[in-house]
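Letters A, B, C, D, E and F name the chains as they come in the text, with residue numbers starting at 1 for each one.
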Amino acid sequence: MELRADKFMKIKVINPNTSASMTEQIGATARSIASRETEIVAVNPDMGPVSIEGFYDEALSVIGVLDEIRKGEAQGTDGYVIACFGDPGLYAARELARGPVIGIAEAAMRTAVLLSSEFSIVTTLARTRIIAQHLVDRYGMNQFCRNIRSIDLPVLSIETDTKAQTAILEECYRAIKVDQVGAIVLGCGGMAHLAVQLTQELNVPVIDGVSAAVKLAEAVISLKLKTSKAGSYAFPIAKPYTGIFQSFSSSENP
Amino acid sequence: MELRADKFMKIKVINPNTSASMTEQIGATARSIASRETEIVAVNPDMGPVSIEGFYDEALSVIGVLDEIRKGEAQGTDGYVIACFGDPGLYAARELARGPVIGIAEAAMRTAVLLSSEFSIVTTLARTRIIAQHLVDRYGMNQFCRNIRSIDLPVLSIETDTKAQTAILEECYRAIKVDQVGAIVLGCGGMAHLAVQLTQELNVPVIDGVSAAVKLAEAVISLKLKTSKAGSYAFPIAKPYTGIFQSFSSSENP
Amino acid sequence: MELRADKFMKIKVINPNTSASMTEQIGATARSIASRETEIVAVNPDMGPVSIEGFYDEALSVIGVLDEIRKGEAQGTDGYVIACFGDPGLYAARELARGPVIGIAEAAMRTAVLLSSEFSIVTTLARTRIIAQHLVDRYGMNQFCRNIRSIDLPVLSIETDTKAQTAILEECYRAIKVDQVGAIVLGCGGMAHLAVQLTQELNVPVIDGVSAAVKLAEAVISLKLKTSKAGSYAFPIAKPYTGIFQSFSSSENP
Amino acid sequence: MELRADKFMKIKVINPNTSASMTEQIGATARSIASRETEIVAVNPDMGPVSIEGFYDEALSVIGVLDEIRKGEAQGTDGYVIACFGDPGLYAARELARGPVIGIAEAAMRTAVLLSSEFSIVTTLARTRIIAQHLVDRYGMNQFCRNIRSIDLPVLSIETDTKAQTAILEECYRAIKVDQVGAIVLGCGGMAHLAVQLTQELNVPVIDGVSAAVKLAEAVISLKLKTSKAGSYAFPIAKPYTGIFQSFSSSENP
Amino acid sequence: MELRADKFMKIKVINPNTSASMTEQIGATARSIASRETEIVAVNPDMGPVSIEGFYDEALSVIGVLDEIRKGEAQGTDGYVIACFGDPGLYAARELARGPVIGIAEAAMRTAVLLSSEFSIVTTLARTRIIAQHLVDRYGMNQFCRNIRSIDLPVLSIETDTKAQTAILEECYRAIKVDQVGAIVLGCGGMAHLAVQLTQELNVPVIDGVSAAVKLAEAVISLKLKTSKAGSYAFPIAKPYTGIFQSFSSSENP
Amino acid sequence: MELRADKFMKIKVINPNTSASMTEQIGATARSIASRETEIVAVNPDMGPVSIEGFYDEALSVIGVLDEIRKGEAQGTDGYVIACFGDPGLYAARELARGPVIGIAEAAMRTAVLLSSEFSIVTTLARTRIIAQHLVDRYGMNQFCRNIRSIDLPVLSIETDTKAQTAILEECYRAIKVDQVGAIVLGCGGMAHLAVQLTQELNVPVIDGVSAAVKLAEAVISLKLKTSKAGSYAFPIAKPYTGIFQSFSSSENP
């Protein structure tokens, strides 16, 4: 285990769902790619859905993400990665955080366009394609994203089910052949560990957002740039929160 | 108090913040505009922020909105209105609900374009303009929305502070004169009660989203159309939720 | 026959083509969906094409639509529906009318997006798809409309020809399966009577613009909102018109 | 007067309003710019508004435009120019015509972008700016058009009123200085005769759509290209027209 | 050979690649379509790639194009055509030139939309489709261009290889049938000589950019309009150029 | 001076103009921000313009950039930065290079949107704003970029002229106040050394593309991702180049 003394920056990688095994896998991927000077803290909230497969799951995951950001701020975290392809709570997290907060969908897409003029996304359930499409629109990626493909298998099947992994490979091949793209964006945090092998097998860049986001976070932190507090991402205004969210009151914010 | 026996449809108007006085005002506006055959149930969640003035507040309000939708489904609600201009939780709510769920931002904008070729939005704090802008983008309203103006005063000031009401009037005048628009969209649920008077004073349609959303909900319910369960708004997949969200598990959904 | 005394609002549904049987069918659909308090006046102009299947037909139908609006204004009409999917003469009609004027294409599309994140349009002749596409662009619906499909059969065949009705059903199935949309928009006023049955058969919202427009018109009238006369939809400027259009001079406008 | 024998092509320039003096002026401009081998036939319909200053006027002008196209087809016309900046009836006219039909708005904008990376439009009444904006959208000109300015004086004032001409000059100066554009598009057929002098005075290209459209029509005719009859601009389908439009039946079309 | 005395305007058609046989063919096409009063000077640079099949080739061709523009300015050239479908160096050329500079891609696309509501492009190698796509975006043509098809054969094969010509014909047929477009844009200067025959064979307008650009250049020159020197296309600022580009210094510009 | 032995990656920062002093400054900025494990090679071509202030200058700089890329490939370079805000030759460079090639404009804009919901660009001469605008369009940044401001002073004045530096500061203040953005993108490679101080002074992220691009290049190289050779950025096809570009023939490419 690495000692904190050697580390110049601490990046918290938040898996927004509550599946610890996926958090481990995401953490392992993050550590494998992080600079030696970076401490990766991989966590998942203790509240929320075991996997995120729709708008409802996503909404229920946001509170946990924000809770982890809040804790992170108290722990001197330099930057954050939100490790679910819907980038849940991204803008709210940016209000809370001093340092950069990077979503894996935005990280993956913004990395893909540096390497190929067009890409396709390969995601899990068909019903989640709309979440990816909304992000493609939001991030100005319509000129670059040719297609959003799905294997139509659940998120949690990727870890264990070789059928799912085969389906991902096949869908990637179809993207290259049919969509004629030069790069693939993996549309699920649970696919993080597959990117290296897929890149070799397919001979095109296959981009995992977790890895990409860790490197982007490191980059921004090295640039000594922080989330802008002028305007849209200013700290939340101090005010009462009621019920189960009492402790979320932003009154203690700087 | 009206009896249910006279009512053909029940519409739940959810104020996503926890300010009861605002809920009352919103409910009063909704009842004043609803058909005689419509029962309006105006509520606010018992958890969340007292007002919504940024992405963080908005994120914290979504759970309460979904909680009210879930309860509403058990109560035979025919349709829902989400009465905050950021339309928090709209797509997640649509997954939960059988009937239509209408956000007041989308209702107001979609109504405005029926009456004027262009409109401007007048909202509260400057920092929330970006939330409105994201919705303008998302709803395909860029060709219609000329400007998003703010009075830069807090949401809760509108209820009591005549200064805020004067500021709204002045900003509306500026929109008509400078932006040269033929209609105004009020960018906050807390402005609902001002629309009728502003319309008279300014002699252009001033659209309050609460009223517009109630009428749209009635319209869709009368059309016997429901939220599509084929695709993106299918019921949430049954799965475990942990922590404070255990009770949010969608396992009991049809 | 209902008495005017019971009615609070009068909505004129204008079938822009001159086929009386289609007008009757459209009128029947409109009445079946209208509030008990709404008087539906279904008419067609006494000039123009028997069906609208291209830009030329559409252009020739506009005068008749405007003639009916003008007459409607003299008859104390509260709102109007233009019951052809090209929304012919919509903006000109808004200049003439005090109350709202709703096109069935805009009504159908704006209703569809309340119920499904994406829809496809099913229309008649392939050559008219471009008219629908222009409206999709104009109304900011490109993010929502996945496809414009055609059965490539004439408008007037829908009424009588079961082959046409079968073709519509099949094209709807293809939209759901291939385009993977959660809702269908019927792309012709002559399909109005098919929506209820198709919705049941396909188990997704199938939206008929006539019904949707009647309900939207009722909604806007209930909101006591009128077409904005500030700017683009101001009353036509009084000036001489010559030839067969002498009587169209707007000099008598308020 | 020139003899037909010397002419290789006949272009009909249709002023969609019924003001003969404006037709003369437009015809003079067209002739001054046309190739020696081109016969210019400048006409205006004998029905419709004396000037076009809104959607209603525009709608009423379309029939006259189509009537002139129909006559033109019988007279062996090679191409057409629709000489009003709203391009009224353009797509319907293309269905009727064998040769090219060019609108002056599209001609002016498509010419401007060959000479400057950005342009502004200067038009007459403020209320007609929306018509220009719709065309900017429709023609894909949003990346090029920085502003749509108006002198807010009536169309017919341009001919005689030096105040109007001064206002145009001033608005052009403002476009160059404030919008920082390198070219001006004149937003009214009635401004045709001013372009040459304005170009000299302002030292930037000032584009008159009448002249531009005549040259584009000549260009397309020389290319031996005709309006495509495959698809959207196919000849109108033969069918009965009733009332004052009986004679508009397209039954005699090829 | 025609005498200069008869000519009113001189247009230089620059084939950006160094294949003299293609220059000849392009020149022949240009001359066949030019007005009798136009002198066509068809050239290719004496530096650069023999064909342009990617971004690198394109970049290497730009210098040669600019060199020919510079020489053209010294020779009293009235206008220029850049005869490669990527329009290489277009904006730089406009800075150098007094008269209009027309790219064949923009000329072809802007001509196509005058004749059909939608078109497809047929180009050579699949890898060059992205260049066409970038121009479609840049020129605001996304609403009009349905597809960019490629025969996936090299540029230089078109001249001699009947297989390539057959492939072009087949791809055009597919565009009409599958994309359902009413016009084809030929996506390579080397296809210029095929347009007339393809138009006849396919019975839809098949637009060659070389011909279209020559006619557009003639049109703009006749309009006495020049490249705007206010703003983006102002003459290059005089400054030192080093190395092999010393002679490209713009210091001698007016 | 650092020894190569300590370095894991070599990044070549190419200043596309020929001003050695600017290259030094850019190199110093790059080195100050690079990881200790990165070797920065800062160069400028020995051919081309001393500064880039328009499309012509830009075109003339591309060859030098490509020449440096080609040399870099022979020297085992891992990645490249093109250090001029127009990103000249970016796509051509990607065809040549195995590793990533990052333009400073894309790097700066893609970094800015991680930290603020909107940004403005501050550039040098007004005439170059159009180059930035084209990149904003190309990179899908229209939703994020509120304004492109210029100090209207030459590129080379920034190095030495305190007036220029004051003008930059003032324009940044205006961007924050008038455009209401939360971040500034510096629109010129020559401003690289000003970012740190401006960030402190303005208290918002001021992004210098050189620094951002170095960190992005490091990130992508660490991810072991390379420029995709499937499709648009495939190596140039081997073919003869003539004249001064003979040595640019890509025949020796892998």
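To be clear about the criterion, a residue touches a chain if its C-beta (ideal position, glycine included) is under 8 Å from a C-beta of that chain, and two chains touch if they have at least 3 such contacts.
Listed by chain with UniProt protein names: A, B, C, D, E, F = Hydantoin racemase.
As the structure is a computational prediction, the values presented were derived from the model and not from experiment.
*Asks:* What is the graph distance from chain B to chain F, where chains are linked when they touch?
*Replies:* 1
*Asks:* Comparing each of A-E, B-F or B-C with D-E, which pair has over half of its contact pairs in common by residue number?
*Replies:* B-C
*Asks:* Using C-alpha centres only, name the chain that sits farthest from chain B.
*Replies:* With centres defined by C-alpha atoms, farthest from chain B sits E.
*Asks:* Over half shared or under half: which fits the residue numbers at the contact of copies chain D and chain E, same or different?
*Replies:* Counting which numbers both chains contribute, over half are shared, so the two copies meet through the same residues.
*Asks:* State, to the nearest whole Å, the distance from the C-alpha centre of chain C to the C-alpha centre of chain D.
*Replies:* Taking the mean C-alpha position of each chain, the two centres sit 30 Å apart.
*Asks:* At what distance in angstrom does the C-alpha mean of chain E lie from that of chain C?
*Replies:* Chain centres of chain C and chain E, defined by C-alpha means, are spaced 45 Å apart.
*Asks:* Among the residues of chain B, which ones contact at least 2 other chains?
*Replies:* Expected reply: 91, 117-118, 126, 130, 137-138, 143, 180, 231-233.
*Asks:* Name the touching chain pairs, please: which are they?
*Replies:* Taking the chains two at a time, the touching pairs are A-B, A-C, A-E, A-F, B-C, B-D, B-F, C-D, C-E, D-E, D-F, E-F.
*Asks:* Where on chain B does chain D make contact in their complex?
*Replies:* Touch list, chain B to chain D: 117-118, 143, 180.
*Asks:* Would you mind writing out the residues of chain E in touch with chain F in their complex?
*Replies:* Against chain F, chain E makes touches at 18, 45-51, 53-60, 62-64, 66, 89, 91-92, 94-96, 126-127, 130, 134, 137-138, 154, 231-234, 236-237, 239-245, 248, 250.
*Asks:* Touching chain E in the complex: which residues of chain C?
*Replies:* 126, 130, 137
*Asks:* In their shared complex, at which residues does chain D touch chain E?
*Replies:* It is residues 33, 35, 91, 100, 102, 106, 110-111, 113-118, 138-144, 176, 180-183, 196, 199, 203-205, 207, 211-212, 215-216, 218-220, 222-233 of chain D that touch chain E.
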